[in-house]
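Letters are used for the chains, namely A, B, C and D, taken in the order the chains are written, and counting of residues starts over at 1 for each.
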């Protein structure tokens, strides 16, 4: 109990407060957009960033803290989206239950996949996750009960009776889906923070730094890795569920597109793998820069992006927050 | 009238962001869809929420028009009607043919086309003796062609995108299985199909639109329809003057989306979306693009019901590779090359 | 004689065609320091790996405090109170010295009872014992070799072990660093009453600090006993110490005391 | 169900295709084996080989096919050295993730430039070789057969280069111990740069040959990159013969399985092989070099 109280008290840490502040801002923009359409574009821009942020927060647990490069992590985003959409469109369930089932499905898939691939290390693990994601994508392209290559599209009638803050139907969904995305993000942030501040988190860091030493120190590395992988699947699965509902459709080739997981990895690296603040900053900066490059250099944005990635990894391999933490170790307790 | 547009990067996570920007920041009154059905579905969630009208071009899916939207209108012929002409043509050209092979891409678009044409072909008494869907991006078909050759199929329907369709055509030409006619989606309608040289000859494909299509104000009169907008020659010449090249069907489809809006606004005499919607729900016109009429039924509102597809075939005309219209018979300018490899 | 804390019984370990351990039996008594010596390839590290659960023996048993721990995974054995250091140090490079040791406190036998604060206090205590208290906030990767060895020891000690396996804790250190490390090891035994097995090549050191010596050669135990007895054992001289001159020098040095 | 003739034809087709897969994987395998770098720009480099060939033999230049293949391959050497300098040198020996990301970034640059110039539409190189050879009812063009022959010859040449020459000995010395190799007078940076250049040049060659047979886009190389992972894992890192065998296994599995399962599922076969091999034998079936 002592440790729980102590862990809860850590939210007074400046990094945690920064996270809470950001979350408050996300909600605020959503509420403003409900009242004034002038804020809708900001809301949508943030929504795009939040999808990436959830992917990054998930990856931060398995990649950042545990050191396993889950290249195919988008598989959990896809599975979350598919499970939710199947329940919403085929069964007419409400979004809240669909989200919970999606999160559970993500974690369950991670448990199954983890049993196969978590024994691999380094690049082998990374490549195995790519292979699994591709195999599962092909499965969904062919699995007719879930639409096969046609995907699942949401009927307007499924949200006809939805009400939210004075809106109804599709318009209510537009507002509510964003608020849910913000909530999912808050959950993912809290998850990251409390893992990082826990004995479990310290065990994960030990695995990342040296798995053999961690095991011989008493860390049940197999159980920890599996648990970390399952937890890391939850934020993308939830985001996938809400995003599919918001978009009103899901297709195999977009739901399981490797781009999102690679962008998530870059976001985590940019800020500093295994740090809370770094993951937040990395994902939001990445998303912002991408929006800028896309609108300013629509044809060369890939090139600029590629150069940026090389430059960051070669000249700032620990990420921004990671670099500061290494350079100024006394700031470690503030910059988490 | 002012046109505002953005690059959507062909990913669904950007589409809603940009359509929201168009509606709330740029304050546009009417919208034109992104390219492809998947992106159009995502955009429709936003445009419908704001009660805006969207003209869908480049979106050939049937399914998104069966989801209950009330303000999305499709100018392309839906996927379900893409290949019907191929069956009609076969029936007329060679009533002896009974066995078909299907080799389509496993994508939303090609799968929809295949499902619809399969039902149609079976209703006309055809037997599908080979049916496979290859993964997106596939370019190696030799084994499947060998299987088709053994299956006893007399005609092949297939394809999906340009790259796979072109490779498929080239390999069919190299293997020359005992087929009499081959219909391929998308690839033969693209001018670059000619890059495979003589291998292109004889392949047929359904096209949304061709500059050689035969729509005219005169024809409108015979059909009892209203003609609207430029003639085909006027459109082609204006496009060439502006961009220095022949317009393809993407360009024509984009243009016609604007044309439909223009028509509706003129008729309604206002930008009030409800009034414009009334016009769109009830219009039936002929343009350089062909006939246009939208379903106004609740179960498939906005679906294109009148636009007809034509079949083109690559032939050697005076030693030069050319696309010629071979179907429907009333529009056909040339005799189809049949059977495909002589 | 004190009671037995570890008993290794007829342990055989094969790798492909090579038999690294050929039926080794030995006992370690509570509170003693046991020196484990032998030439390269004698099977010392393999034996450590069998005791700590990294390898499952092909035959034989390992008992810790009377409990059969053969084939248990390493983390379970660690949590029973067996800690080890590695021949090639494995610090958690990206963490600070304090974080390294705090993690170890958390994973000791009663690790889950600690609050963060208590764990850090305990870690600092261990750091003072090994003389790293001034480097608590240094990243492990920035330490020099001698300090990394101490960190390795600190991390093992922070687990509150009853049995500590030291795999060449002195290798790569200069003479001054060796005596400092030996000092720490003695202190550990005096203050914490930890039983230790030392694999060591620095001969005078191991002879000096050990209560008993076990000699392995090609996977077999060829001698066991007090340092003096072992140094005079002709089989040991032949197999390991090489020429009798060298053996004599050890004895002489032993005679000089420490 | 499946006639023996069709099965035989499919096996031969799978074999010939597999040899090309093997060549596509060879560069990835060498770089992975020698430098422990999983080169995620490999697919983009294959695409680059395709479009360079297109530039050389279709437009703007109209060189003969063989000249296009040779030039595209040779250009791979300076390009490879450039790539090594830009993306690999600084992160060598660092965490695996670093080189995964830098080479991925490099791949984006190459892909972005290709898309800038060519857009997403597919190109083909028209090979007027009407001449074909018929084997068990399937026609193979001379170009196809030549490509397969070149692929086999190249694999053997790389084998000789790695196992029988000074270069190969230097490379293997570096793999075993970089510092010791440097002490022995091996210029490790130069050897590593050349090895990367060799890998890039092989990727360009495979792209060049494939472009003579299939339509391609800037993304086509990525498909081959994914298959290359499977092949390298099957064949073992850095083993030329392993690449060839791995390629043949993947080619056969893909083609023969299509006779028995829906074609749409065939990509799953390769990825299931990948995961199964990794799960059971993380070092590959044919071991390392």
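FYI, a residue touches a chain if its C-beta (ideal position, glycine included) is under 8 Å from a C-beta of that chain, and two chains touch if they have at least 3 such contacts.
Quick caveat, the model's predicted, so the values are computed rather than measured.
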Comparison of A-C and A-D by number of C-beta pairs in contact, larger one: A-D
How many angstrom lie between the centres of chain A and chain C, each centre taken as the mean Cα position? 43
I'd like the Å distance between the centres of chain A and chain D, where a centre is the mean of that chain's Cα atoms. 33
For chain B paired with chain C, centre-to-centre distance based on mean C-alpha positions, whole Å: 76
What is the distance, in whole Å, between the centres of chain B and chain D, each centre taken as the mean of its C-alpha atoms? 37
Among all residues of chain D, those touching at least two other chains are 262, 264, 267
Residues in chain A with touches to at least two other chains are numbered 138, 141-142
Counting only residues that touch at least two other chains, what does the list for chain B look like? 106, 133, 135
Which pairs of chains touch one another in this structure? A-B, A-C, A-D, B-D
So in the complex, which bits of chain D are touching chain A? 32, 36, 38, 86-87, 90-91, 94-98, 100-102, 104-113, 115-116, 226, 229-230, 233, 262, 264-265, 267-268, 271-272, 274-275, 278-279, 282
Across the complex, what residues on chain A touch chain C? 2-3, 6-7, 197, 199, 202-203, 205-206, 208-210, 212-222, 274, 326, 329-330, 332
Could you list, by residue number, the parts of chain C that touch chain A in their complex? 52, 54, 73-76, 78-79, 83-84, 86, 90-96, 99, 102-104, 106-108, 111-112, 114-117, 137-139, 155, 159
If you look only at chain A, which of its residues touch chain D in the complex? 63, 69, 71, 116-117, 119-120, 122-124, 126-128, 130-132, 134-135, 138-139, 141-142, 262, 265-266, 269, 299-310, 313-314, 317
Touch list for chain A against partner chain B, complex: 37-38, 40-41, 43-45, 47-48, 51, 138, 141-142, 148-151, 153-157, 160, 169-171, 173-174, 243, 246-249, 251, 253-254, 257, 259, 294-295, 298
